[in-house]
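Take a look at the structure set out below.
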Amino acid sequence: MAAQTRRLAWPLLVLVGLLAANAVATPGFFAVTVKGGRLYGSLVDILHFGAPLLLIALGMTVVIALRGIDLSVGAVVAVSGAVACEIIVAAGDPSSPGAVAGAVAAALALSALLGLWNGFLAAVLRIQPIVATLILMVAGRGLAQLITDGQITTVTSEPYRGIAAGSLAAVPYTVLMAAVTVLVMWVALRRTALGLFVEAVGGNAEAARLAGIRATGLSVAAYAVCGLCAGLAGIVISANTGSADGNNAGLWIELDAILAVVIGGTLLTGGRFSIAGTVLGAVIVQTLSTTVYTMGVPPESALVFKAVVVFVVCLLQSPRFRAQVAAPFRRGGPPAPAGGAGGPAPEEEDGTMPTATGDGRPDPREVRR
Amino acid sequence: MTGLSTPTPAASAAARVRALVDGRRRFIPVAVSGLVLVLLFAVGSVRYTGFAEPQVMLNLLVNNSFLIVLAVGVTFVILAGGIDLSTGSVLALSAMICAWLLREGWPPLLVIPVALLAGAAIGFLQGCIIHFYGVQPFIATLGGMFFARGLCYLISTESIPITDPLFGTLAQARVPLPGGTSLSLGAVVALAAAGAAAFVLHRTRFGRSVYAVGGSESSAMLMGLPVGRVKIGVYTVSGFCAALGGVLYTLYIASGNSLHGLGMELDAIAAVVIGGTLLTGGFGYVLGSVVGVLTLGTIQTILVFEGTLSSWWTRIVAGVLLLVFILLQRALAPRTVK
Amino acid sequence: GSGGGQGGQGGGDDTIVLGFSQVGAESGWRTANTESIKAAADEAGIELKFSDAQQQQENQIQAIRSFIQQDVDVIAFSPVVESGWDTVLAEARTAGIPVVLTDRAVETGQEDVYETFLGSDFVEEGRNAGRYVVEEFADSDEDVNIVELQGTTGSAPAIDRKEGFAEIIGEDDKFEIIASQDGDFTRAGGQEVMQAFLGSHDDIDVLYAHNDDMALGAIESIEAAGLKPGEDIKIVSVDGIKAAFQAMAEGKINQVVECNPLIGPQLMDLVEKVHAGEEVPERVEVEEGVFGQDQAEEELPNRQY
Amino acid sequence: METAAGPAVQMSGIVKDFPGVRALDGAGLHLEPGEVHALLGENGAGKSTLIKVLTGVHRPDAGSIEVGGRPVAVDGPQDAERHGIATVYQEVNLCPNLSVAENVLLGREPRGRFGISPRRMNRRAAELASGMGLDLDVTRALGEYPIAVQQLVAILRAVDLDARVLVLDEPTSSLDRDEVRILFGLVERLRSRGVAILFVTHFLDQVYELCGRMTVLRNGRPVGTFTTDELDQRGLVGLMLGEQAGELDRVEGRAHEGAPPPDEPPLLHARGLGREGGVAPYDLDVAPGQIVGLAGLLGSGRTEAVRLLFGADRPDSGSLEVDGRLVSLRTPRAPIAAGLAYCSEDRKAEGLVADLSVADNLLLAMQAARGWMRPMPRKARAELVERYISALRVRTASPDTPVGALSGGNQQKVLLGRWLIMRPRLLILDEPTRGIDVGAKAEVQRLVAAEAEEGTAVLFVSSELEEVLRLSHRVVVLRDRRVVSALDNDGGLDVDGVLAEIAEGGAR
């Protein structure tokens, strides 16, 4: 576990760096006040707007740990929002909490079902996950638009808007919802044996099967959970604007979610995963977009800026890169390393590299130079 | 003498057929994809007038020439066990560079190599980041995707039309085929690229090493193969192909626009995977990728010919057709893919 | 008339076959546009072959090629982007099929590749929005701080509406655009970007949104910040969707510059004329207006989308 | 090949640290041209690490390497090949997706006019294979062959390199005696050509048969280099194992005394179990406390046969009863619930999850049986792990070390431990002693015998006939993927008897 925390230290550093840059650019950046009974400020915004991304990234983490991937989450976001809004609009009294609860339940159920469908294709029929979920990625948005008849459905329902706008003890519901989901996922995965099973199946599916783990069932369940998370995110996104946009809701969010998961240190090749890492990853991704807006990065350079930050995060996680960056400083400093015995300095710097063991991923299969 | 002898060929013809299929197991996914593509096309011909004309079939190649080139490049990467998300953006960047430099008055014969070089360079850099610093390919190329698209915006957010006469001539150039049909230059280039890729993959050490690295990177390293060169190589090839796709795209569309090729990287990856290549690497063929692109193209053509679908039904039907294709593929080739 | 001779459906009887290639269904505006065209075609007895390009130019080119292949009588399309149509338009001309453009024009080096263009002038829409701001603050001599929510970076409406707006407000240097970001034409985008604007600027006087959806999203953020949209921050946006008129009626939006998607009847009229070989003007403007808060209430029932 | 002056390889003072362990601590090696040199030591002693330092896979933290008398810094396996060092690594490190021919010739494929010529490549590979007495379809994917064949292919590849130094890290762990004979013949030929051969194995008989000198490592430190004449087996074991050597005596000879337990109703009762293209339908009964050995040649179908029992492959005929109750064989879950345990022969692909810790790997099957709702309490967990790590003498820095970082033999022990923890009623062991050292092998045999004594039934597959004979009450012989006979092992049976049965049994 120590290794894991150590690995997260670098992304954390980048996050701190981003926040610091913001604070310099916008003096009141860290200010958090209470407005209308609700916490208000840029930091709260990051968490609030990052909540859907985090929800999706959590579901995605499990799917990725099982060596899968889910490209359809964006479409599920759209479907979920569309279903909820249409049901509310069709209800006799859109403002009744009952109608809203029913609509949300229906949307979540459908999302889970869509996840199940992905799981069926990927885990039972063994279609490669990327195409298996591509089907829903393509068709799902069509479905969402079919539900909303291609329009942006606007709802005027206080309880529904409240899902995004409301707060408990001044903490926005959205943030609470994300926090609770993180907690639930953590308990479900780390306080039971599920996490172990997931890592075993993701690490070596055949070995896990022979050890008596129901690998197929687990994968199907993971896709369903991922669908559910995406559905929940869809509700949050839709409640946020009080509307359902079949075409644009959650557009490209799958890439951001995968990015968040990967920044958090979970490998796309399956196996070990980190929930804390995913949370950190999602916060970084969201901070990144907020930074673009608050620092006034022109839209045409925003993408280059984003790319640079992504590269910095990744490279900082590489011990070899750190060593190379540090080398000139170290050599320039007065206490020069005792040379002579072990060959030239740079080689020694990355001497731990070949097995990648220095960085918490001691995998003999990944012998790399 | 060691008990390792393969069982003598069984007498029955059935067994012999099985043995024949057995030996060519690895071609089954490609063959099946091709078969299903033909089926799909046949259904289209029965359903729509004017569908079965030779030119419609050739137009599949013409309309998808750039995607074929993209998919060919991505095939290298996926075979080596990686993934490349930057191709769509690099295509846009290459098209953008062409349009921009032409507007600046550069000679077209210089512009094309520059664009190709830029694509290859981006691929090379991604490869270096992936190989030397152990960054996961998905992230590194996602970063590359942002970066290349960002460069497009920096060049110009507005569309730049291409008015160069040479580009015009190349774009209009047609290779006549029997029966009054013809292929565009782009399609010919795409087919040539696919042929060259197949040659490289099967007949050169680099190509075979690509398969080896995809099969098992650590084994390939222990077998003394130049893993680093292979990994960096495939991303360079992919970047180059994406840029070439961009040049073909400019021929097709005669302009550079920063929004070109949005999401095309997914189409390319999907085409490769549909063609039977395993995302885990080490298994697949360029031919499969071409079949994959043609499949996506056929689906698109069917949607166009249908002519009554609303926007959302278009999407749903596209998804369903993809599903049908994949299920057929699955049903016809059981137990081929582990 | 119908060229070619491959025995398509178009030539024989006298129903006109129109091939229409739509950009996609990326917004409510677009959907209304599609609906209007479909309904009008129905009404006019024109057979419509409709194809959705899902925002990709190559799909649109493919669709136009297939229209040529299917030998339709007239081709119409809303180009995804402005450039890159020369080849396929030339093919249409060779096949003798007239082309009508809708929504936005194309840039082309060639002459006479299309018959006519029916659509709005995005630059003019931007100017109209600018004129509102200039008028609104005509009496004030303090600086006016404007924030702008742009449409998708690189898209034609975003570029043109920005340009037109900048042209008008540029005439007086008390107007300053203090922040301008990509809100992707969506409510969620508008909301998130506006929230960030509010976090980094506390002296915003005007919000100019390139479409209504972003303005509607931004209103959420403005309200969450404890400000009154339409009063503390004046809002002007483009499009004229029903929800925007609703908000305007509630006083949350100050001015809506209409960009009318209901071009179906005008389009069918043109198609018939073109098919009959009549002269048509090179450019036909869509009928659209500019609405303020005082007209909102009465215009609201007329809004169809 | 230049006639190198001085030693072929000279390594000295090699230090290599991994996080938490010092794998090598001043180790060295001196290889002369034209000698077969054994590198010996218990599991985790650092043999493979020393080899990987030699071939540049690991960079040493200190020490020097000379090849052919010149100091070198080997920069990876590719560079090692350039220096004339060919290596067969311990785990099979080939590409399962490529054909056998390609695996043999990758990197130096014969080229024709149009690039690589597959025809010539296949021909060349087939020649090489038959030169080694292998009759393989070289165009088939390597992954379709069992691990033993893969090991042979790895050897073929190294041999074809035409190197000055050939390193063989446990090449014989999966091979049976015929293949070993062929390999030895080959080694002898190379040796006489002046190639220096480094040979790692846990079969001491093979060491004495083949090698002139041997270097012994213990805990990463050099114990010494000896000629086979000056040190006998017993002394060698003493040097390898240090103070624990005395225990070895107890397992010399038969592992269990007395006759098989009295005829009880069989615990396991299989009828007509078979699989098309796999193994022909067979019957099998195993009584509680009985150890049944499976003997046969490479590819005779032993693995396939036991996999059916466990539901690892789905049989398409026959039935299995445990304790009179029918067990579903759709997945391994029902057999596990019925008290079966299966320790696969391919620990890398089917056994361990390399990224997970030793503790997690040990407890995986137990946890799967308990279900996800009931995680093991931390304390019980730690206790069990502790107990089995010490019982099996797993050398690991800590229970939290990823199992992939363990030495090959220690990995094997972890896999075995996973199933012993389950306290199964029927233990299926497929090559459980592959790659583990003499001490541990004796330990495993003792454990198996003890389990049987307590009433566990055992199915034991091993390529080592002596081992099968020493342990089992009954020996089932397979040939050409069918069961040909079942022999009682009541003292009258010896290796030659079984060999005869393997060769011609069932011909009746």
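Letters are used for the chains, namely A, B, C and D, taken in the order the chains are written, and counting of residues starts over at 1 for each.
Simple rule for what comes next: contacts are C-beta pairs under 8 Å (C-beta built on N, C-alpha and C of every residue); 3 or more make two chains touch, one makes a residue touch a chain.
Quick caveat, the model's predicted, so the values are computed rather than measured.
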item	value
Chain separated most widely from chain C, comparing mean CA positions	D
Chain B and chain C, separation of their C-alpha mean positions in angstrom	34
Rounded Å distance, chain A centre to chain D centre (Cα mean)	42
Inter-chain centre distance, chain C versus chain D - centres from mean C-alpha coordinates, in Å	71
Chain D: positions in contact with at least two other chains	57, 76
Numbers and ranges of chain A residues touching at least 2 other chains	145, 150, 246, 299-300, 302, 364-365, 367, 369
Numbers and ranges of chain B residues touching at least 2 other chains	153, 157, 216, 218, 221-222, 310-312, 314-315
Interchain contacts (touch definition) - all pairs	A-B, A-C, A-D, B-C, B-D
For the chain A and chain B complex, residues of the former touching the latter	71, 125-132, 134-136, 138-146, 150, 246, 255, 258-259, 262-263, 267-268, 299-308, 310-311, 314-315, 317-318, 320-321, 356, 364-369
Residues of chain A that touch chain D when the two form their complex	191-194, 196-197, 199-200, 203-204, 206-214, 271-272, 341-343, 347, 351, 354-355, 357-358, 361-365, 367, 369
List of chain B residues in touch with chain D within their complex	1-7, 23, 25-26, 199, 202-205, 208-209, 211-212, 214-216, 218-226, 282-283
List of chain D residues in touch with chain A within their complex	18-19, 57-59, 61-62, 73, 75-76, 310, 312, 331-333, 336, 342, 344, 349-356, 360, 364-365, 367-376, 401-402, 404-405, 418
Interface residues, chain D side, partner chain B - complex	57, 76-78, 80-81, 87, 89, 93-98, 102-103, 106-107, 109, 114-116, 118, 133-137, 139-141, 149, 157, 178-179, 182, 297-300, 480
